[in-house]
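To keep things simple, chains are lettered A, B, C, D, E and F as they appear, and every chain counts its residues starting from 1.
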Amino acid sequence: MKTAIYPGSFDPIHNGHLDVIGRAAKLCDRVVVAVAVNHAKTSLFSMEERVALIRAASAHIPGVEVKAFEGLLVDFFRAERADAVIRGLRAVSDFEYEFQMALVNRSLDEDLETLFLMPSQKHIYLSSRIVKEVAALGGDIERFVPEVVREALRK
Amino acid sequence: MKTAIYPGSFDPIHNGHLDVIGRAAKLCDRVVVAVAVNHAKTSLFSMEERVALIRAASAHIPGVEVKAFEGLLVDFFRAERADAVIRGLRAVSDFEYEFQMALVNRSLDEDLETLFLMPSQKHIYLSSRIVKEVAALGGDIERFVPEVVREALRK
Amino acid sequence: MKTAIYPGSFDPIHNGHLDVIGRAAKLCDRVVVAVAVNHAKTSLFSMEERVALIRAASAHIPGVEVKAFEGLLVDFFRAERADAVIRGLRAVSDFEYEFQMALVNRSLDEDLETLFLMPSQKHIYLSSRIVKEVAALGGDIERFVPEVVREALRK
Amino acid sequence: MKTAIYPGSFDPIHNGHLDVIGRAAKLCDRVVVAVAVNHAKTSLFSMEERVALIRAASAHIPGVEVKAFEGLLVDFFRAERADAVIRGLRAVSDFEYEFQMALVNRSLDEDLETLFLMPSQKHIYLSSRIVKEVAALGGDIERFVPEVVREALRK
Amino acid sequence: MKTAIYPGSFDPIHNGHLDVIGRAAKLCDRVVVAVAVNHAKTSLFSMEERVALIRAASAHIPGVEVKAFEGLLVDFFRAERADAVIRGLRAVSDFEYEFQMALVNRSLDEDLETLFLMPSQKHIYLSSRIVKEVAALGGDIERFVPEVVREALRK
Amino acid sequence: MKTAIYPGSFDPIHNGHLDVIGRAAKLCDRVVVAVAVNHAKTSLFSMEERVALIRAASAHIPGVEVKAFEGLLVDFFRAERADAVIRGLRAVSDFEYEFQMALVNRSLDEDLETLFLMPSQKHIYLSSRIVKEVAALGGDIERFVPEVVREALRK
């Protein structure tokens, strides 16, 4: 397996995401973190900010590239000549949604294989939404996100 | 069982819905597809469009009627002198929600029986939301919806 | 819908089963309770006892027949010229197993449609295994089973 | 266990909530119903109305206090010198979300213990959202909420 | 809350059990670990061994008593004049089963309240079955069980 | 990713297993199908038969090796200098169990990464147990297993 795509909103990246990127990087030569343009949801951080935060937070992991993408994941997948899509799985609700998306993507391109990885148990409850909620209420998010994200959220 | 109600938003109807309608029509003399007026969510297609698309897509299935309804399902159920409500089940997340709604409806009318059908495995991942997302991103939805809906989405 | 099959082990029949039979009987002209010969599991009651208990407990519900069956459900289904198989759904773990069996049966016979019904909330926790466990430990099973079963378990 | 916190939006309080409060009050000297200020979601009832409705509906249960709270639950928990947080569990989808929140809260304060209680089976399908939907559609919510809430919703 | 019962097979006790006992002991004056006589399943350790291992492993936690019990949990619950039953929850499959047992117990005695606690994330995958399997295959179970159990399993 | 282990009982191999092997072989240079010696469960086919059936059924897929293994998966994983363990995911009940085993394995060896793949929707209901049950009842298992297994089951 040479190239894996790790797609998501990453608004912002948290330690669970970083854990998955690190695990994927051990298995592939190249991990492309694919940051989705999201027209429906308003994101807290702009695309440029999200890409910059991921780059800063994953700089120590070899083989990681960060790219914005718009449109269908299958098109990005083909353009990157990727071998698989990587997704983290935390719990059953995740699984339902992820299972559905993986089937949709496979129905659009039979070659798009989705591989599911488990993040470390430490991060099993983490989501970008929870990071933003705790930060907004003045809670300490030191355990949840890398230092660059913590600073960015403080602003 | 003479009359079954198949309620939903159908925004728009997709092949999973059609599969359920076909299966229900084999079991009942009359299947009333009940298109819900949804004040909260903004629908992509108007009520008239949704009804017209279902009629066109289900024209080949005998015993199907398509009606708009507003208000409580129990009232529509009684007005149609129906024997049961039909719902399709795809996955666990579906089941939780469907189970809850079936219990609510039964608590409002002890005679409202909900019957759950499984659509074909081919359609296990399909939802109106996914059809709209893939279409909006320029993906091919040929496998997902009948031809009339495909044309309507192209506009 | 004329004939529905309601298959199971019924070792012994409990109030949740009876609730499903009653609901099915309102929707169909004929409900065939199909008692499975189970070679793998040792049953507490013999086939003759299980059939007799179901007959006694469902005598007041019109249109109910009780039959033993051996072999594949699809063969019994065809022999009875049934329209559908009825199953009760209590919770998610039920759903997983039931979903799997319904797909297996459909793969063996495309015409075998499985309809899922919800028993009354009162019976949501009931299973034959629990009835036997509580009875074996000397607990009162009055709420769980019809009177004939209670007497049979006392012996 | 002296003090338990029962946090939520209570927009409005329903019979499932009241059932949990009653059960918690049997186990603790003091149950603090903590009504969350919700900046994101627009609530049907104002904070003052929600607090007043809970007070009226729980007046017959000894040891219950009703308080508004803003900010992180962990801060409110410490300020109240509480022993545990109480949450009702209805179904699997509840469980996923509740499990996640309990882990987040424990990560913010190792002493914040979350205890889960089951409401009565009668209320297993109830949620504030469903109460509001049924009331908005003109349905009878007598089974769902205490009389004071029913009157408040009529307006 | 004065007395809580923590029932189980404890064949053998592991770190997830101990974690739950420690959390329960902070909330109650007295935690009675109730070791079930299991006629159906053959246990690896005898009742005497299981009780002795729990006593040794929980000696440092104040307020813990260990007792064997036979028969219905509701009868033991009444005899101990307990306020609640405590159960640990690890995942959805747990939840289904636990939910069912809690409803059965409540149907046998309306006063039997079941409280669910989450063990530490560290122990989220632990079960007695897994401890025994890993030990039988020669794996290191240092992370899974207290030292006394490790020694007992070595024999 | 060079080497992936695909462990299981394979009693016998079915089309869902073969589908996963084919997908894994596209991503890795070498897929080691690891057939577990199972002391607890009595298998229908002997270890030699299971290995021979997998070899025959997967002969057309390049890079596949079939090996028996006994003891802990982590030891086999290290001996094979594997990069990851591959598991197929069919449904939620699968996921719970697979999640637990993946966490146990990771706790025994931090380097043991488990990757989850989805088999084709066509095989979503398949399990070795179901294949054996249908075959034992005289059903047609042509859709479920490769031809060599069908012949082996006929005997």
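Rule of thumb we're sticking to: a residue touches a chain if its C-beta (ideal position, glycine included) is under 8 Å from a C-beta of that chain, and two chains touch if they have at least 3 such contacts.
None of the values given here were measured: they were computed from a predicted structure.
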Lowest number of touching-chain links that must be crossed from subunit D to subunit F: 2
Neighbouring chains common to subunit B and subunit E, by label: A, C, D, F
Shared interface numbering between subunit F and subunit E [over half = same, under half = different]: different
Separation of mean Cα positions, subunit F and subunit B [Å, integer]: 38
Centre distance in Å when subunit D and subunit E are each reduced to the mean of their C-alpha atoms: 29
Multi-chain contact sites of subunit E, meaning residues that touch two or more partners: 92-93, 96, 99, 103, 121, 124-125
Listing of all chain pairs that touch each other, if any do: A-B, A-D, A-E, A-F, B-C, B-D, B-F, C-D, C-E, C-F, D-E, E-F
Residue ranges of subunit A touching subunit E (in the complex, touch as defined): 91-92, 121-122, 124-125
Residue numbers on subunit E that touch subunit C, as the complex places them: 71-72, 74, 92-93, 96-97, 99-100, 103-104, 107-108
Subunit E-touching residues of subunit C, taken from the complex the two chains share: 91-93, 124-125, 127, 130, 134, 137-140, 143-144
Interface residues, subunit D side, partner subunit E - complex: 1, 23, 26-28, 83-84, 89, 92, 95-96, 99, 102-103, 106, 113-118, 121
